[in-house]
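Think of it as A, B and C in the order they're written, each chain with its own count starting at 1.
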Amino acid sequence: MTHDHDLATPVLAARNVRFSYGRGAEVLHDVSLALAPGETVGLVGESGAGKTSLLRLLLGLGSPTSGEILFEGRPLDRRDTRRLLAYRRAVQPVYQDPFSSLDPRMRVGDSIAEPLRSLRLPGGPARRAARVAELLEAVDLPADAGERFPDAFSGGQRQRIAIARALAPEPRVILADEPVSALDTSVRMQVIELFQRLARERGIGMLLVSHDLTIVSALCRRMAVLEGGRLVEEGNTRGVLTDPRHPYTRRLLASVPRLPAL
Amino acid sequence: MSVTVLTEAERNPRSRDTRSRRPRRRTSVNLLVGGVLFGIIAVVAILSLVALPFEPSDTTGGRLQPPSPEHWAGTDRLGRDLFTQLMIGARLAMLTGVGAVAIAAVLGVLVGLVAAMAGRWIDDALSSLLDIAIAFPTLLLAMLVVAWRGASLESAILAIGLAGSAVIARLTRVTATRVLAQDFVTASRTSGTGTLRLIRLHVLPNVWPTLIVPLALQFGGAVVAEASLSYVGLGSPPPNASWGRMLQEAQSTVLVAPTAAILPGLLLVATIIGINLLADGLRDVADPTGRTLR
Amino acid sequence: MSAMLEIENLSVHLDGPDGRRLVDDVSFDLADGQRLGVIGESGSGKSLTALAVLGLLGHPLSASGSIRLSLGDGDTVDTVSAPGRRLDGVRGRTVGAVFQEPLASLDPLMRIGAQLAWPLRRHRGFRADALRRAVLDALAEVQLPEPERIARSLIHEVSGGQRQRVAIALALAAEPRLLIADEPTTALDVTVQAGVLELLQAAVENRGMSLVFISHDLPVVAGIADRVVVMRGGRVVEIGDTRRILTAPREEYTRTLVGASRALDDLLPARPAGSDGPTSGGTE
């Protein structure tokens, strides 16, 4: 990337965001959250807390009822196509259900290359193919995986493919919605490790939306707790997990099933 | 920390080899029989454009002759060569099928996609419209079209295609709605993919496998519908008669010259069985691993 | 102690020429009053085993082998070979079941009270006022707030956690000797899960029931079961006391599973002493 990114300006931020679906009840009440460059933030909450709504707003899939979504410090204007393109390149999603996040009729390589074309990144077919190979390697999949269709892969492998696709435009931030909840335990750890490595080696920022404190603890330096559409607690992950302030956070932490100590 | 890994394929309960072995074998038989039946009719239809044994309006053969080395299928009550008419009938059947299916496919997919992707209001309006259209009898629609444009093959094709498009539109709407709700569509949108590209890249490839079989069945249905229309006199007029018209004309002389009635009937049945088998086979070719969206 | 459940050489296979075995030669048993956890990842055959115990496998699945359920009076029934009519009397009365998705096991058009009344009436003979009281007691036992209101509600009118509590009340209504819980908390939020687990544990203890608890989640199983069966690819990998499985797994696969769970568990700070166990979950 040739741009100079201001290290102090958050890449992505929600400022006093309120949101409701149509004329329904408000699902987000005055939520503010900022993501500094390279920062990893966990957004924790249970169903109905408003996590997914907030994520959709941050992904530009809807507009807040009031308040603003800021990209690199400035509100997004849908008419400013150049900036919108920059935003789409910089912010990439990873979803929960690995069986729904890949087009079953598209070769894996084409799926991974799709953002490169849609986002009008430079390079012809040869360069795209090289990039796909590179991305497959980055997520520990064999190079020939690109030739196959998603049905040849297990849930964990599909999630790796979805991650490779998100990495394709060299985003500054990945927004991940419950990226490991649908996976078996033994695969979960591997995907978590992959995320850890990406954050470490590529300096990619991450907003991880999850009900699972384990993955947030593994991947996020900072965490925010959302309850009933409000941010009830925010802070350094270690700090919040060892010394939760808000009663809801405490209850959440106490509810996690634990293995008996050895 | 190191966590040993199980091969992921082992854990994948839906891996490729665990299904569709049996269906695939049946498929090749369907495809073969259907392809041969349908192929013969199609070749005859094409040949009819190049060469015919007799002029269609040549009445020199003597009336109601049985099959002979000269007139392979005999002659009709005006002395015209039946084999020639059967060949022309094949061409008309193909034209009807292709034309009606093309109209149904283009119009149906277009309307279905608009309903699926436009807002709630348009969707509701289109859906109600489709309900009415589906309930409307094809024959009645055909009469309206004939009243408007006059009895001709084109009128019949237009009417049959219009009637079929409502079903295709509804199918498209349902499938497209399901596809649009998938995460890969959202992922594509967040990559800035435009609506048209989204349709071409993700929606159509996932919708069309569900349309192959209905469209193929409509092909068969269109051939039958055209035969019915011709039978009641709303199809293309002689001497370029369709099988339906031939059946109607042979009706009065069926005891004297049964071949004139039997042959067009047999060809109709063969075409429809052929296209149905082909439809079944095609579905599996288009979707070799059952890659259809859940 | 006598056996509540004895599974011997159970296999479940697909009908037809394919005939793939989905459960392959599984044997284990469960003593009266014991709590057994069955753990496995997707495709391990754990849920099919549960369905076989309930005699609920239907086309295209068939079972072979034997599953002996103790009826409590010295008599047993084999749910693999017993005729359907016989099993109707066994399900609910001898063995109750709770599944992952409560919506799937509850009638959407019947008031919750009426659904609960049926087994209470049929198996325990309550009538009229006594029946009404029994329904409310059953709802109160699963710690549902305002039992009167819940009894009048339809299932989609209550929250996910409350639905599962209703499903548990329904499974317990006929006072079965064995409860089979198949991923009963997987679809629930963590705080709600904690409450439902506590409730299950209390119900099993109070009634002296046996429990088969099926889950993919080792910490959840470890919290509720005395003994664990580890399954993979339709086979039993290892059986042992929970503590032994966790501390000294013998099989490679069990080690993998325990290792992965332990690695995930280690990501959270150790639970401060004295604060363990969730606060009781009534708010959902």
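Rule of thumb we're sticking to: a contact is a pair of C-beta atoms (placed from the backbone, for glycine too) under 8 Å apart; a residue touches a chain by one contact, two chains touch by 3 or more.
Quick caveat, the model's predicted, so the values are computed rather than measured.
Colleague: What chain lies closest to the overall centre, CA atoms only?
Modeller: Chain nearest the overall C-alpha centroid, as shown: A.
Colleague: Which chain maximises the distance between its CA centroid and that of subunit B?
Modeller: Measuring from the centre of subunit B, the most distant chain centre belongs to C.
Colleague: How far is the middle of subunit A from the middle of subunit C, if each middle is the mean of its Cα atoms, in Å?
Modeller: 35
Colleague: With chain centres taken as the means of their Cα atoms, state the distance from subunit A to subunit B in Å.
Modeller: About 46 Å, centre to centre.
Colleague: Find the geometric centre of each of subunit B and subunit C from their Cα atoms only, then give the gap between the two centres in Å, rounded to an integer.
Modeller: Their C-alpha centroids are separated by 51 Å.
Colleague: Going by the contact rule already set, what residues in subunit B reach two or more other chains?
Modeller: Residues 1, 3, 5-6, 11-12 of subunit B touch two or more partner chains.
Colleague: List, in ascending order, every residue of subunit A touching at least 2 other chains.
Modeller: 155, 184, 186, 189, in rising order.
Colleague: Pull out every residue in subunit C that's touching 2 or more other chains.
Modeller: 41-42, 256, 260, 263
Colleague: Mind listing the subunit A positions that touch subunit B in their complex?
Modeller: Within the complex, subunit A touches subunit B at residues 59-61, 84-85, 88, 91-93, 95-97, 99-106, 111, 114-115, 118-119, 149, 151-157, 162, 165-166, 169, 184, 186-187, 189-190.
Colleague: Give the list of subunit C residues in touch with subunit A in this complex.
Modeller: That would be residues 41-42, 160, 189-194, 197, 216-220, 222-223, 243, 246-247, 256-257, 260-265, 267-271, 275-279, 281 of subunit C.
Colleague: Quick check: in the complex, which residue numbers of subunit B touch subunit A?
Modeller: Those residues of subunit B that touch subunit A are 1, 3, 5-6, 8-9, 11-12, 14-16, 182-184, 186-193, 197, 201-202, 205-206, 209, 289-294.
Colleague: Spell out the part of subunit A that touches subunit C in their complex, as residue ranges.
Modeller: 46-47, 155, 184-186, 188-189, 192, 211-215, 217-218, 238, 241-242, 251-262
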